[in-house]
């Protein structure tokens, strides 16, 4: 009889994956892509923002779970500051401006559902990010740096 | 001691909710919004497309589950035709053009995650739909028709 | 360069799939499995309950979206009755007893996340259902009826 | 007109929340609960396992995202060892036995969907964990230690 075999857990070593400039939004902010799901569109990544730097205004079209690994950051729109060990849970339909505090560089572990839309000061769309744009930025970077590219959308 | 009480299931009567023109994309296509989730952004709705009509090209930024209740429809980009009782499961990052076949009007039950982006023939964004735009279209319709508006984002 | 190609939508014809007795919980209640996701565990199915019949008490370990296609049903624990066109949205951690009203047989379209636990009157676990048990029940049925079994967990 | 206002992001300080023994499975392993979602059942938590200790065999009824903060751990069933900065993505329907390597204590950030079922060597269910059991363990701990308990299921 055919069996309904479960899939093995996916293990991905963070050391084997590159930090990639989060262009065109910033040359200073880098992203390490860990995994994308081509069915649900979920993106799992690390975000690194140098102390004192930021990321422009963006809208979320799905939830974001952001767990701070090091450094301190906040959203310009809110009163709290997130430090190592803190959780920020962002709801679908929210809009923020990321600011890294002075001191240590910021590193955040991120689970992103759906899309991220960056907008300019007049509210116009600059870019829409989803699992495909993250994966293609990774492929472009690997090609430019002559690194072997892995299929980060795969389970095998 | 504080208790971790589960929430009761939400029951929503389809007869109590209006069919709303899916403007500005179409005056003929109507949507009946059943539920939105302000945390995850999930939208549950019915879509009604008159026989022979269609909806413009759109991108998905999350999955869509579409179960056909009546009528026959297809995507211009694919070979199958979906009839009553058929399932279409659309992945995040896909792009389609909805076409209702001649004959019976089409009615589809839809579970939408994330955002829907309508684009023009040159690939430019016409509009981005998410739980908030669906809920606001419902509120505007209720106000225009002097219908009592319900909070379709609530669980109580 | 490698491309981040999206997956095509999955089309599944309801007519091609069998109604399977929901054993061991009931011989009268049948399930038509439409799709399972081996990553997230999501199960998409139809449930058919003859008028006047029911399903035992069960716990949900994820959400359930239940859209009624025909007939009338309710949960013994709640006051509403769901008819064709109505939505029931069940939260993770809820417990119910399904009862089909007299009259027409009940047919419900279901999107199930996580597991379903059937319990006996003393609260003991009778069985835990998830994407694997649903898929294996389908495989066993196909084998017993000498029907060709399809891989309902696949996207291709 | 009624507005479809989005919810603010939730900020939760890790320092304000206690490490709680993960009884009855272990007195040595502790859990810090950060957030539960009473609709979807999602649980966000930290897991701390002393070097050389482990957690019994368990089944997953939803996905688990596990990002290692410090220490080294593996599953008895697989060949890899996860260190700080590595991602493990576990699929619904998988079964594992958690083992912390010798050396540093292990700390893992976890996003858990659906339920977790601990089983004994004969495959019998010892316990089923979900958002409610995690939240109630937290409430019991707060009561025993006379700590003020917070509603970790709330967004406000």
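The chains carry the letters A, B, C and D, assigned in the order they are written, with residues numbered from 1 in each.
In this text, a residue touches a chain if its C-beta (ideal position, glycine included) is under 8 Å from a C-beta of that chain, and two chains touch if they have at least 3 such contacts.
Predicted model only: the values in this text are computed from it and were never measured.
Novice: Look at all chain centres (mean of CA atoms) and spot the one farthest from the centre of chain A.
Specialist: It is C.
Novice: For the copies chain A and chain B, give the interface type as same if over half of its residue numbers appear on both sides, and as different if under half do.
Specialist: Same residues, largely: of all residue numbers at this interface, over half are found in both copies.
Novice: Quick one: chain A and chain B, Cα centre-to-centre, how many Å?
Specialist: Taking the average C-alpha coordinate of chain A and of chain B, the gap between them is 28 Å.
Novice: Distance between chain A and chain D based on Cα centroids, please, to the nearest Å.
Specialist: 22
Novice: Which positions in chain C touch two or more other chains at once?
Specialist: Those would be 4, 6-7, 37-40, 91-93, 131-132, 155.
Novice: Could you list, by residue number, the parts of chain D that touch chain B in their complex?
Specialist: Checking each residue of chain D against chain B gives 1-4, 6-7, 36-40, 131-133, 135-136, 139-140, 143, 149, 151, 153, 155.
Novice: Which residues of chain A touch chain B in their complex?
Specialist: 37-41, 61-63, 91-93, 113-115, 117, 125, 128, 130-132
Novice: How about chain A: which of its residues touch chain D in the complex?
Specialist: 4, 6-15, 34-35, 44, 46, 65, 67, 69, 75, 78, 80, 82-96, 109, 111, 155
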